[in-house]
């Protein structure tokens, strides 16, 4: 049976597929991250009443139908003519939350209009004014939180060729009206604690630090003002060879010790993976590539379907493990 | 040399072979469960008198010629025209015990008439009356015990297509005279301790809880009235990614601590596997797919032969390890 | 480059090659045993004077040019017309010690005449008188020790076809003049401590117990009168799935604690393997299949060359690890 | 994309490629050594200022632009007509340090004239006078240190054929004007502590002991007068099956405990590998084969480019891990 990824590969220009699919370096993290979830063996409970299994939960107080959220990813316009508008619609229809990339193909206000609950992802750029401005716009447009990426002081090399000439509408928003060569658009290599604090103050929104793989680094983010953290390998696209998210998650959860919500992304592909993440203490997971493949293949409906599918698979996994909700999980479910 | 599975694949309709062969999800448990037995290295004893090696033992007091029992599996009528009658005959001729599925193709009374010692497997259905009725009928027909499946609050998804149109006689008993779409035939998602107690009282039979993979969950079953437990992954057909039975067995045996007999199924294919299970504290093992393949290939004689073969292989493994009986084993035989 | 095994396969009848090559059961031990040596990483010493590296040592007081001995194996007459006479000559010319199988193709007295130092392997047969008689003949013919196989209460099944019709001269000695179907020729399943003691007394020779994989079982053999033990998986030809010799060796050495010499066989194919065995406390190693392949390909000269080659490779490994003799080794050389 | 090694294979005579590429024995160490780096998972820091990331460091007080040095390797004249002159030029242009082999194709004085910072590698030969003379010449020619190889009491066997007839100019220097068959040119098997001390005194230069894989052996070298050690498997070309350098490094660093600088070679191929080595306490790494491949493909420019590439990759890895310099690393970056 053809997988969703194979179907997307068939419809996307090769350069675009490679752009989304690639990992950094020798792509070891990319391969390792899904395997790391599978390596965690499950220990199901029995004789529990699972007549009613819900996947509903909240993230930073926002109700969502499922602990499966849409991770930020650049330039959805490369995958589908409607770009992030389609993704927002699909995510909304699935009851999920959409984390909109700062490198979106569309103005965030347009995306916001189509979206259900959404958060705004931000890079701190060399010209911090640009990031600050997006933070303000996101707050005005109704974002519930800012997701500040902390694992990109600069973009890692990836073994992919150049992107095809991009349609103007696919990049104008990502460029914030500037020239692609403008150095001010690059990530700030001196991104620090002060940035988290400032973006939080400017926007009046909670801040989620995305891209930690260590307990001590998670605490550093919280100390800098973050309200939550995302354990992430950046899709295997930054430092190659890092610990898979599934391995790092328990350490981060233990360090955070309930002070903040912890989310996780990286290689989550099945309901069993979501169950493991919840059992290890994640509040929710985020997925990127499956959403992009679905977007490429079937637009908003595809996004909705892939999210609904993962949610249904998560519901089954919860029930088969004897759990009736995301909160009704625990470390006992996993053999580490 | 063609394996039994390959010979069965050659004679069965592809949909039927797939129905029996499939695991749930990504089928990781299905693959892992046999490998988990092999991973346990054996530590043989020497200079023991093994002039007389017996495989005979008892299960819940019932004498059997071998610790290799026939696990419950649905719809033997798909594999052979005589269905469970042939299986019962073959198991009886091998001196084994047959656990009859509640989803059998034949009335349990007919199977009982052909069988040697037998137990009746039960699902607790949404309409508990149906399950209760089967329990009563099984007791009346001479079953020695009830095997209540506790790992199916609902049936997991499997990547197999629809079954072929079933011959009426292959399913009428499984349906208990009802319409296949009748929701009351579905497994009860609120299966609980009270069900074990009630079925035990109704039938006056000992109850075996099938489908535990944790020590604490085994105790939960015993506390609910179970007289024995079966460590099982449900053939890799329920929650994918669970601990293999070979890994879970020692934990369960330790928790049960002699209060009840512990059996195990899942990937047992050689006498060496049986030896490992006994060494880790299992009273007996159950096998399903090898019996189905043998049934498909050669009916009752096939079932007898595959069971006799496993028993002979178990006898050899016992003797080569310096053990003269199933009871003459222990953890010293296995390097964990 | 064609390996010795490949060359032997080319010259031997397929049934004979299979007879020598086969392991028992699913042949897992056969495959695992060489890998287990390789898994032990070496930790070389430096700045040692290795101007003179000797491989010479003694086994039970008998000087040998190398810690690489010839393991017992049945029916060398299948591999070469001169059978054990060629093996004995080759081993003698290499300065090695030949353990003559009780199932040899030639009378032990003829082999003894051609051999350098040699030991006689014995099975305790159902008719113990036969074994006793061979023990007496071996003592008379000048054997330095008896090697009593303790891991064959009966012969395990192997997935090989029947042997080709054997030339009369290839089997007459193995049969001790009896009919092949004579049950008295079978191994005694009640082989015990008393047998070791009796054979020792009858022969007046030291007794080596061959086929232990546990420390406690090694002590059982010593307590029964054995003067040394051989850690062995019987070439992967008895209980399939046992711990590889390389894994069992340290446990046995620790248990024996210097009371007796410990030898090891099973998958030793390089000088680095020999070095690991010595480092873990083995006094010597034994090899069977490489000798049989060499015998098939080039008779006595082949046997001498393969032994000389292994000895030279052992000398290199000793020197490169900073060791000047078999005794100048230790556990520090291996990372366990 | 064709790798550098593949391009080198295409331009080199097969015997020369094999000579450089081969490992000893079964070549297990050769394969294992790069995998051992990859097995060490990285734990990046976040929210650090990496606006300025430098790879500059010092080795024994000598400033270098990068912790990636050029390991000694024999006979560069086989790879390129300019031999070590090209390597020296390329290394100098990359700001690296070149460890010149005693088996160079060119007189060390010529190499020194083309080189940036350089060290002289020495074998202690059976005729110690030859080694002493090279040590004196190196000191006179401006070497900053001597690298004395301690893991070659003799050369291990490698499964490669004979080298092609060498051009006279490629070997005359390696032979030090002697006949290739002259036994005095062979490595001294009684290489010992006194040699390190004497070479240090003769040359007045610091001495680096190359080829240790254990903490205690590193201390033995320091006690003999070494000023630094190189953890090395000799490119997998001496004792096959040793611990990979990546595994041995932490033990050596712990034993040395700051008394001396520790370098490492063996399978380092990416900036992530360099980062791991630094994190585990190495002061610098050395690479050989990538330099030889680059030399074969593109001479001095190739050498410069491959070193510049590794340095850039190291800079990226440092920055992505939140480190601003080689010294700003630590064990926290690696999950062991």
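Brief remarks follow.
Letters A, B, C and D mark the chains as written, and numbering starts fresh at 1 in each.
The rule is simple: a contact is a pair of C-beta atoms (placed from the backbone, for glycine too) under 8 Å apart; a residue touches a chain by one contact, two chains touch by 3 or more.
Please read these numbers as outputs of a predicted model, since none were measured by experiment.
In a homomeric contact, the two copies may use the same or different surfaces; for chain A and chain D, under half of the interface residue numbers are shared, pointing to different surfaces.
Taking CA atoms, the transformation carrying chain C onto chain D includes a rotation by 90°, reported to the nearest 5.
Each chain gets one centre point, the mean of its Cα atoms, and the points for chain B and chain C are 43 Å apart. Put simply, the C-alpha centre of chain B and that of chain D have 61 angstrom between them.
In chain D, there is no position where the chain touches two or more neighbouring chains simultaneously. Within the complex, the chain A residues that touch chain B are 1, 38, 40-51, 53, 270, 272, 276, 313, 316-317, 319-322, 332, 335. Within the complex formed with chain D, the chain A residues making contact are 25-26, 28, 150-151, 153-154, 156-157, 159, 189-193, 196, 209, 211-214, 216-217, 220-221, 224, 238-244, 247-248.
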